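Chain lettering (A, B, C and D) follows the sequence in which the chains are written, and residue indices restart at 1 in each chain.
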Amino acid sequence: MIKIGIIGGTGYTGSELARILCRHPGVEIAAMTSRQSAGRKVSDVSPFLKGYTDIAFSERLDPSGLDLVFVATPHGVAMEEVPAILDSGAKAIDMSGDYRLRDPAQYEKWYGHEHKDAKNLGEAVYGLPELFRGEIRGADLVANPGCYATSAALAIAPLAKRGLVGSRVIVDGKSGTSGAGMVPSARLHHPFCGESVVPYSVGTHRHTPEMEMAVGLFSGMEPEVFFTPQLVPIVRGMLSSCYMGLAEGADPGDLSRAYRDQYGGERFVHFVDEPSIRAVAGSNHAHVGFREARGTVVAFGVLDNLVKGASGQAVQCMNLMLGLDEGAGLDAPGLGV
Amino acid sequence: MIKIGIIGGTGYTGSELARILCRHPGVEIAAMTSRQSAGRKVSDVSPFLKGYTDIAFSERLDPSGLDLVFVATPHGVAMEEVPAILDSGAKAIDMSGDYRLRDPAQYEKWYGHEHKDAKNLGEAVYGLPELFRGEIRGADLVANPGCYATSAALAIAPLAKRGLVGSRVIVDGKSGTSGAGMVPSARLHHPFCGESVVPYSVGTHRHTPEMEMAVGLFSGMEPEVFFTPQLVPIVRGMLSSCYMGLAEGADPGDLSRAYRDQYGGERFVHFVDEPSIRAVAGSNHAHVGFREARGTVVAFGVLDNLVKGASGQAVQCMNLMLGLDEGAGLDAPGLGV
Amino acid sequence: MIKIGIIGGTGYTGSELARILCRHPGVEIAAMTSRQSAGRKVSDVSPFLKGYTDIAFSERLDPSGLDLVFVATPHGVAMEEVPAILDSGAKAIDMSGDYRLRDPAQYEKWYGHEHKDAKNLGEAVYGLPELFRGEIRGADLVANPGCYATSAALAIAPLAKRGLVGSRVIVDGKSGTSGAGMVPSARLHHPFCGESVVPYSVGTHRHTPEMEMAVGLFSGMEPEVFFTPQLVPIVRGMLSSCYMGLAEGADPGDLSRAYRDQYGGERFVHFVDEPSIRAVAGSNHAHVGFREARGTVVAFGVLDNLVKGASGQAVQCMNLMLGLDEGAGLDAPGLGV
Amino acid sequence: MIKIGIIGGTGYTGSELARILCRHPGVEIAAMTSRQSAGRKVSDVSPFLKGYTDIAFSERLDPSGLDLVFVATPHGVAMEEVPAILDSGAKAIDMSGDYRLRDPAQYEKWYGHEHKDAKNLGEAVYGLPELFRGEIRGADLVANPGCYATSAALAIAPLAKRGLVGSRVIVDGKSGTSGAGMVPSARLHHPFCGESVVPYSVGTHRHTPEMEMAVGLFSGMEPEVFFTPQLVPIVRGMLSSCYMGLAEGADPGDLSRAYRDQYGGERFVHFVDEPSIRAVAGSNHAHVGFREARGTVVAFGVLDNLVKGASGQAVQCMNLMLGLDEGAGLDAPGLGV
């Protein structure tokens, strides 16, 4: 059995990894770390895992002997963990933003501090399988994409690649609150956000350059993204509305064809007429769709921010990196309602 | 005491009018109609009005003897009610879309049927006081604006008027569910919309030409709007995110100045750094604010869709039309939390 | 492969059955009926099933050739479907209330009309596996329990059986809105219920006699239940707070022991200190727990109303009836968050 | 003009007091304190008050020269503030639990520390006007009731007083999250509570003895309360379901009469068939109602936890204490929707 480790197992991303992996037919979780919960059983801290795993959190893990390690720590910390993992011979998937931007200068500009692992940064592959499947297969280090960036890139990239839209893109993102993590804060306080829509980090959010990079790498176009993230009072789910100018000569039929060509053979990304958060919630599926009027295209990208927007996509990458069936462990349909 | 009538008093807009007017110091509700509840006491149908009004719903009302009548019926019906009201000498405020678009051809295009009252259509004034106060004062017929159009026009118009932005505008609207009215439907069914964000009528919503008209009339610019309405799972409240290109030579300081100049003296519209639905919910207040980055401006318009987005604004218009204090009856602050 | 039919596949219960069965390792959905969607592909009507099933809805199904048929129609209709299924030799699981109350007089009293299939009513087994596993194994017809009744019976029965509590029970139930089905109505209209807690059918709800029967059959005690159902603004999930007097001489240690003895070996029902809707949402798991003070016990029963409260439990029964592994197809952990 | 002070003006209770008092016709807010926001304008910290008050927070306030001071600090702190206020000659209303339980031993038992102001504790009047109006009128110190206790006492007391119910009472409370205050915590974190119902402090909540005291003082009966508080994912609003045995010989008609007799002349408490959170949200109104079956009565108490459950009720007490119209400043109807 393939042995997996998770560094940072108590956050939403880490426990969602465990939730998925505990039913994976081809791997086993050999170690999970947690600073504050070391020594406690995982299923005591995350009671939805009762009956699914018997392991306890450890303070640290030894990557030697593991095949792959997920690093589910905050950015800035991840790049201190990754080198040792790779040196030990294990593969690594970083859930944070530390290895997403290829250019250390970009990283420093958007994250506000220097990158300490420029060597591996240059080797990391951006883990969006529907756009970069080939590179992920051969990778030792995958940077798992952000949830907003995944939803937007899936919606934008097929159109950009085929030259159907202009390079100026506005992304209006609506995220469920679980995307903001498990640490209580004023913005996530229910009386504050429970009956509101809350914009934050407008024009300055770190997924902005990530969207540009992902779409650019895939399409060859150099998009310029303006991004407005907004919290909506749902727990799981995300809708990104991406606005672009229709390129001259393109018609809506071209747009449909682009999505069908791109995603017709995909298991997890579906081109639909009415993208629906409920249809994908709880699953690794994503919906894309669009409307066009008067020369403007709005492309919708919809997913569960904790699954296709985080841990599910990471497992999909893991499957590719380890030569397993790409969908292993990810067979849950969306909740529907 | 000034006598007021309400045609269509059981819908959300009609009962919200009653909720506001029952505390108004200068007018009294003399008659409210309801087809299905004729004969029942208003406070039995709308129990939050218990102790505030003793009148009963009538099947119809006689406008003669009334000073002003609110028409809170669906579009298409309103234009059958308005002529008789005006003929009787009473003033009228139409809550529906029937008198908002000045051009009958536009009306027919967006509403799908012919306008039957072209004569009064030409006389109607668009009831957004912060933009058209003078005209409203002298009007006999006011077309009360739509909620999306109000939120967007308040955010866009000051910038458009001063030439600070380009004419292509994208409006990404998020509305509380009460904006969709009181008739149960699949889209408003809690299991469907309660944990989702639901786009609808994308690019075809009737507030699109209304935004263009309102901003155009005020600013002289001819905006071209692409509008995406989306339901979010809150009951009251609306946030419209309006995207525009920054005009050459303009800087963010110009944008702030534009809003301050426009709204500095206003009682209900406030230019703030962080527009907040909770701060205005339950009140006639609206927030506008903006962020700018890389040549793109996002202007936010925030309000309670039933108050400043509907019945509160209508009462504000009524006050102007009747020569009363503009804020009479509208002194409630937002709920805050 | 074992062949399964579903009568009434477009409602929440029917489509949830399909959501679970499409991943079941031992059965296949051979036919699903829908009056209004006959001829359409199931995955077009329920888009979360895209990629999981290719069948189309039929107007009716022929039970001969099927091993088991789920009847997911409203009560009153089910008892017209069941006889033909059983006559054909297939087994049947009725999702409605038609076969839950053993006594036709009780049925008539609470459902308001006569029972038309008294013969099979006498043979039906109440499908709550943790309480009636043996009977379910041998049954041809299972009455799948109601969601409230399941949550309450799981919490009450172990205490009643051991004589630790008195027979007067108050059940204060809080249900997610999906429990009320997919037909839009005033009570489920988001602006009405989205920021409220709505009691309904207080003291008269049909799950009242069902709770009494289930607890009574299991424990030998004859409980008298007063039941208050209340809608809370969540989509999936249910918490029933069940109040009982502590029997003389019993102490809280007895209560813990009762639950541990009863559920210690169960896969889906867990005795925990803090029952949590989020920990079981999306899964067939249930939580029970309790607090005791001053001679009063409150026992909590928590589950996902569409899974352990409906379709998941039905699949669990199916597994027992067909001699399959009881948990087959039901291995999803709760969402956690 | 009567001069009012508020100690602790940034919490939800304090800012709600300001929201109500800023429109009060007979008093003015002369001073508000806040440790962390001293020096800042109130309307900058609570933006919904922009245009309603120009004062700034001070570090402390001098009660001499003020007519009445609201103490909106956490329990334990309040009893350090109250003596100086009373010594200065001002009246005081304490929003915390410090002066609610008359017996210092009870206080110590439930609050876990000694009471430091036993002298004033003996003089404090429990500020529930519909039950203790006379005493409040003459009081110098009022203990403003807790939200759960208000909702339950209003529902229970009229029945207890008339001997229509037994003394064992179960209170199953459902509270909006704003009742838990503005400090972020794990329990109020949206991803945790936003799609859940969360019991807490079951059987040990401090409003338990408060309910017993309030009902006991009013009715002469000595109730024994078992109380389960539960958070529901709404922001404002509370429903307490109170279960009691029907006394021998009483019939439901007696119950209706009891409520009508008790509340028929009240402005803010209404006996209705279907108590509704939405009908009272945003207002000082409360609904009570009941159902009875098989000898059990469930009485519902419904209110907005921040208004009738906290700051609105405090203003109602203030009006009584100062000889003003009891409803001054409290004329807002419920939101309805």
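Here, contacts are C-beta pairs under 8 Å (C-beta built on N, C-alpha and C of every residue); 3 or more make two chains touch, one makes a residue touch a chain.
These figures come from a predicted structure and were not determined experimentally.
Peer 1: Please identify each chain that touches subunit A as well as subunit B.
Peer 2: C, D
Peer 1: Where in C-D, A-B or B-D does the A-C interface recur, with over half of the contact pairs identical by residue number?
Peer 2: B-D
Peer 1: B-D or B-C: which has the larger count of contacting C-beta pairs?
Peer 2: B-D
Peer 1: Starting from the Cα centroid of subunit D, hunt down the chain whose centroid lies farthest away.
Peer 2: Between subunit D and the rest, the longest centre separation is with A.
Peer 1: For copies subunit A and subunit D, work out whether under half or over half of the interface numbers are shared, and give different or same accordingly.
Peer 2: same
Peer 1: Taking each chain's centre as the mean position of its Cα atoms, how many Å separate subunit C from subunit D?
Peer 2: So the centre of subunit C lies 39 Å away from the centre of subunit D.
Peer 1: Find the geometric centre of each of subunit B and subunit C from their Cα atoms only, then give the gap between the two centres in Å, rounded to an integer.
Peer 2: Chain centres of subunit B and subunit C, defined by C-alpha means, are spaced 46 Å apart.
Peer 1: Let me have the rounded angstrom distance from the C-alpha centre of subunit B over to the C-alpha centre of subunit D, please.
Peer 2: 35
Peer 1: Hey, what residues on subunit D touch two or more of the other chains?
Peer 2: Residues 12, 178, 182, 191, 195, 233-236, 276, 278, 337 of subunit D touch two or more partner chains.
Peer 1: Could you list, by residue number, the parts of subunit A that touch subunit C in their complex?
Peer 2: So the residues of subunit A touching subunit C come out as 12, 15-16, 19, 22-23, 46-52, 178, 182, 195, 235-236, 267, 270, 272, 274, 276, 278-280, 282-283, 285, 287, 306, 331-337.
Peer 1: Would you tell me which residues of subunit D are touching subunit A in their complex?
Peer 2: Against subunit A, the touching part of subunit D is residues 12, 176-178, 180, 182, 184-186, 188-191, 193-195, 233-235.
Peer 1: Show me the residue ranges of subunit D that touch subunit C in the complex, using the header's touch definition.
Peer 2: 168, 170, 172, 174, 191-192, 195-199, 202-204, 224, 226, 228, 230, 232-237, 239, 241, 243, 275-278, 281, 291-294, 296, 298, 300, 337
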